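Here come two complexes built around chain A, the first alongside chain B, the second alongside chain C.
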Partner chain A sequence: MTDLSQSPAGAAPQPRKHGGSLLEKTPRTKKRNASEARFKAYGIAAITAGLIMLLILVTTIVGKGTGAFQQTFVTLKVELLEEKLDKKGNRDIEDIKKVTTFGYAPIIKAAMEAAVAEYGIETSLKPKELAGILSKDVAAQLRDYVIANPDQIGQTVEFRFLASGRVDGYMKGRVSRDSIENDKNISPAQLDLVDALAAAGVLEKTFNLDFITGADASDARPEAAGIGVSMLGSLFMMLVVLALALPIGVAASIYLEEFAPQNWLTDLIEVNISNLAAVPSIVFGILGLAVFINYMHLPTSAPLVGGLVLTLMTLPTIIISTRASLKSVPPSIRDAALGVGASKMQAVFHHVLPLAAPGILTGTIIGLAQALGETAPLLLIGMVGFIASNAPETLADGLLAPNSAMPAQIYEWAKRADPAFYERAWGGIIILLIFLVTMNTLAVILRRRFERRW
Partner chain B sequence: MSFVKLTASTLAIAAVSATAAAARDQVQVAGSSTVLPYASIVAEAFGENFDFPTPVVESGGSSAGLKRFCEGVGENTIDVANASRKIKDKEIAACAENGVTDIIEVRIGYDGIVFASDSGANSFEFTPADWFLALSDKVLVDGELVDNPNTTWADVNADFPAVDIQAFVPGTKHGTREVFEDKVILAGCEETGAFEAFKEASGGDKKAAEKACIALRTDGKSVDIDGDYTETLARIESNKDGIGVFGLAFYENNTDKLQVATMSGVVPSTESIATGEYPVSRPLFFYVKKAHIGVIPGLKEYAEFFVADEVAGPDGPLAEYGLVADPELADTQEAVSSEAVMGGNS
Partner chain C sequence: MNDMTLMDKTVDTQKIKIAAKDVNVYYGDSHAIKDVNVEIEDKTVTAFIGPSGCGKSTFLRCLNRMNDTIDICRVKGDILLDGEDIYDKRVDPVQLRAKVGMVFQKPNPFPKSIYDNVAYGPRIHGLAKNKAELDEIVEKSLRRGAIWNEVKDRLDAPGTGLSGGQQQRLCIARAVATEPEVLLMDEPCSALDPIATAQVEELIDELRASYSVVIVTHSMQQAARVSQKTAFFHLGNLVEFGPTGQIFTNPEDSRTESYITGRIG
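Now for the complex of A and B:
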């Protein structure tokens, strides 16, 4: 009654059962409208918060990771001294191979001294410190070259060498003269040399293809590490997943959806498939270790085993999405096919399956993308660690030779002591994200393009 | 679901037999995360200089590595276990039970354990007694064993700043933890006289007293880190008062973020550890399964290459990374080339 007493004087005294008009809102309507406005505001706030998080994530990843795609290189002329590399002078490849990478150190020191002299750089550094601005990978690069081209011994050849991780960090601004105060790995005098070489145009920062194609490197040479080989490891695992999970998953769902009788057994299977989809991935890793490695004696660290474990993980996802897309095909299609005399199998394979295919493919791609980003199960089957194998040459090699996977490689880099690896971990995340976004976009396109609504 | 798994296994067998599973031709290594960087440096150089494939090195901690090492003999078990502590009798027994009897122990050098805080925070000069008083579960106050009452570093030692005690120590699966307990906490326990009190309380039982000494407080002032040093570093970066336990090599790669504390007045460095002045150091090992030598190609060559002068010597890449070279390296080389097993029975 309070609102009645507050209504303007002179208004007709009418009882208002439901209150207000379109023009004049009652407190209750106002309250309801306000709560709706509040709810909208919450929604917008939630979306904004999500977007801000995404923005922060993307800027952090891009900001920290782009450095990995650039690398500092030094161009040097190296005299491949015969007395160091081929003492007997007979160019016997076995004798040349006996010179280990440690035997190449004097040649590298001499090349640095020659460069300092050529560009007239004044420095008080000893030859060993001069060579210290180069990567430890240089000796391996030289040795590979000499073994591949023994006829070049005695000649002077121009090489493009990696600079050490600290020098690279200095060129990228990650390392400064203040931050190396207590650092034993590099001295201010070496940074002076780097500045002088950069001014002479010998030392420069360029795009680093080796990061995308190369293999992992040890803690002593972060500058040489690349994600390429582990990318191949991921690829082979995905091949295994695709080859196993798609046929098994589709066959299982077709049977369950189209042929299986409805009884307690199929109900139990259904419930368990849904449960399996929610099992933490590490459990599949333990299962993989017990079954594939300890019982079946498959090799450890092999992408084949990784693929098998991820297949188990991906199967429920594929089965659930396949069943959903089979269900969405209207029964009239089946009835019509059966009505004109098709067998049940013909009805399924000629009519239902083609119509459900876009949904199945979408589910498969999303399942694969999920498997691609998975690290936990790989921990237990030996795919996380220092695995610096060469790129596999054959299919069998790719499946059975030890390899890592992209997320495992990123995890491994993030653990290492040298900050240069940290940058590469972020760079690896960028590459992994590009793959995931591409796969998800493909799934969306497939769905948009081919899905039929009934 | 069971039939799906069965199908998966059947297909897997088919896939493997189709590709004719070849014998393993690369060395498999696992174990201590402290040894991992050294092992990976050696593995990389080994792959470059020999015609054998690059060995695979996994981490996971000394105990986890030795456990896998002792699982048995055969291609699907690892060949080498890295450890930042000596193998225990219990582990040797577990190995023997699974048929792993001839084990070659190889000491590669020494590693220092350092105490470091954020480079912008307070600097410390510790003694083992300070750490015992800061982290032990029970300490001696006026001759009585009481629950540790110290909450700030100033409570521990009047020379220290009055900041909250917050220490990040390696978890129990790390070999580093044991050295920390032995060389720091236990030493501090004896120094402060608490050891005698514990011994008295347990009726003269030395073992029980040692166990009581190394029991760390559980009120959150001491945090076990089960991950790697990068996790400890991240904790210190987010908590500027925190002090972490690191390996010397890790600290030397992160001197811009960390400042190191002295222990008993000595600054940790490869030199002060080599001379024995810096008290908290430990030997690093790897263990080789003798039964795998000759079966896994390159295993013996890898072990020999690891301890070669040009690799593990004072001028080698391992020393450059932070390993303190072993003065008795020549004996180790001799032991590896003659495949001398532990217990000296061959």
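Now for the complex of A and C:
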């Protein structure tokens, strides 16, 4: 109870003077203003530094990576000679398959010679050297075509062949006449030929869809390597993570947040979940190796195993964000539901969960994005290296057949010797970043869209 | 407030709806309610008054076991609804809450349509066999909540988009829709302006015809206006309980008198 009349009697205390005129700043005010201005300057400096670093990062990535999306191709007319490809002439597919890629070399040499002759290019190169400007992948490409279309044998067909990695590098300015002095893979005469073919329009640099859709290639064929198959590997891992981490995480959070009694056991669980979020991902990798591969004998390098490991890693993220969004639903909503006679479960599932859903979704997407960019645990379960050369055809294949994932593929390229792979690593990073930025944007949009409706 | 009308308040003798015997409530170590004995009559508005923190809301929440949701809260003693102990082990609190509805201090409509707000209770209790019956219950409840005319054209609009007073009447309609026998109101007008308060008070008086209403209020004028019986709580004790007119004009306990004259509180 307050009573104003009870204030102590006696002389009314004099108010303290705060300097003289209001128009003049006291030294104290000046000092305060100065420190405020200083703090603002620190903040702006920090943000500027951050933005500059981001800018440098983005320009570097874009500058180094865009090359991967372009590739040098040579358009050649190839005569599919019957005496080389199908000696018996009866178009038996088994006979045609017996011709190895070596058997196609003469045809390719002949096609190059024909092209040189057609455009009147003077060169001292031998046929083998002429064909040297093409990728080592060309024979396989030709053989695949012939096996698929045996009726074309004997005809002349126009092909778009990959140029070799060195030629591609020359077209992109990475390889110069100076830099190839000690390079056995290409000679200055071959570069002259490349210039002449480029002038004739036979050899050109175009957009390279194969980089986005294709599979990894061996060390000798950087020009044929693509990120598509490891993208599928990542996709299947994300499916596993989504299918496991979301229901387990949400169920665990709902139980812990809404139903579990408060005691030392739940406290312990809570602390452990928070700690799990901080465990280095490579620890999960070695756990996956020990449990899923060595003990449970799941196949090595399988996206299923990768997905399981990443699920372990994503669970704490999802649980923490789900619990936070459940907590943010006002208790009055629970009271309201209980007040009309809803059971606890009805209150949670009819009212609390729908309101928390945007937050749960956001947390899940961010967890998935984290998992998508994770490399370290994949190294330990064998998802790195030249693994899959073909896209999986069935769901089971996608889950169980050996595959890589985008970040592991990038790591793999970055450690190979040929600089052409280095360029592809940067290109892969661009694609990975596009995925991550898209997912994070989606999370932000969802959060904005469904923000606080009560 | 016209004090002269207080003595005219009719108090019909009604049957006892809720009887509390020696109720003690503890929050952890703190003793929030001490030996409360009170008998709440059917078809009567009973007001709980008292200074902040005196335990009136806590006691109200005991009546439909809303305190169960608070882990550290323990209730001792008997609370009988129609002679049955609501804290008996066999009692399902969910079933109890369908019988004893509650309206809260802050209007808390679900962030759903007005229709769904009211239809939620009947739906989960299976009170309607089909859509037509549900429509009927919703309309009836909204009419009893004295809000039908304001919202009948926008039943699909979100309940959270209404004004504070409308939201509170919607919450009352929602509580009424499950056809409870007792309606508990925890300071239902504290967040409302005077006009909305008057509307809700009028509504409470109408609800008396069918329910036993228990209302917690900070406003003594409100208690005097709407209730037939008043209970005065102080520091966890039920100090005085009796006909409203008597409590306000001729209290027996000196603490009651101090409170209603504004000397404590």
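Everything that follows uses one rule, which is that the second predicted complex is superposed on the first by the 430 of 454 C-alpha atoms of A that agree within 3 Å, B and C clash if a C-alpha of one lies under 4 Å from a C-alpha of the other, contacts with A are read in each partner's own complex, and residues count from 1 in each chain.
Quick note on the criterion: contacts are C-beta pairs under 8 Å (C-beta built on N, C-alpha and C of every residue); 3 or more make two chains touch, one makes a residue touch a chain.
These figures come from a predicted structure and were not determined experimentally.
Using the contact criterion defined above for the overlaid structures, shared-chain residue A:L395 touches chain B, although it does not reach chain C.
More residues of chain A are in touch with B than with the other of chain B and chain C. In the overlay built on the shared chain, the residue A:G43 is in contact with neither chain B nor chain C.
In the superposed model, A:A220 makes contact with chain B only, not with chain C. In the superposition on chain A, contact is made by A:I333 with chain C only, not with chain B.
Contacts of A:A414 after superposition: chain B is touched, whereas chain C is not reached.
By the touch criterion stated above, A:P27 is placed in contact with neither chain B nor chain C.
Taken together, the chain A residues at the contact with chain C in this complex read 1, 261-262, 330, 332-343, 346, 350-351, 355, 453-454.
The touching residues of chain B, when paired with chain A in their complex, are 1, 4-5, 7-9, 11-13, 15-16, 19-22, 24, 26, 28, 30, 33, 36-37, 39-41, 43-45, 47-49, 53-54, 56-59, 75-76, 227-230, 249-250, 252-256, 259, 310, 317, 320-321. Of all the residues in chain A, the ones that touch chain B in their complex are 100-102, 136, 140, 143, 175, 179-185, 217-221, 240, 244, 248, 252, 269, 272-273, 276, 291-294, 296-301, 304, 308, 311-312, 315, 382, 384-390, 395-396, 399-402, 414-419.
Those residues of chain C that touch chain A in the shared complex are 64, 66, 69, 71, 94-95, 97-98, 101-104, 106, 108-111, 120-121, 124-125, 158, 160, 171, 174-175, 177-178, 263-265.
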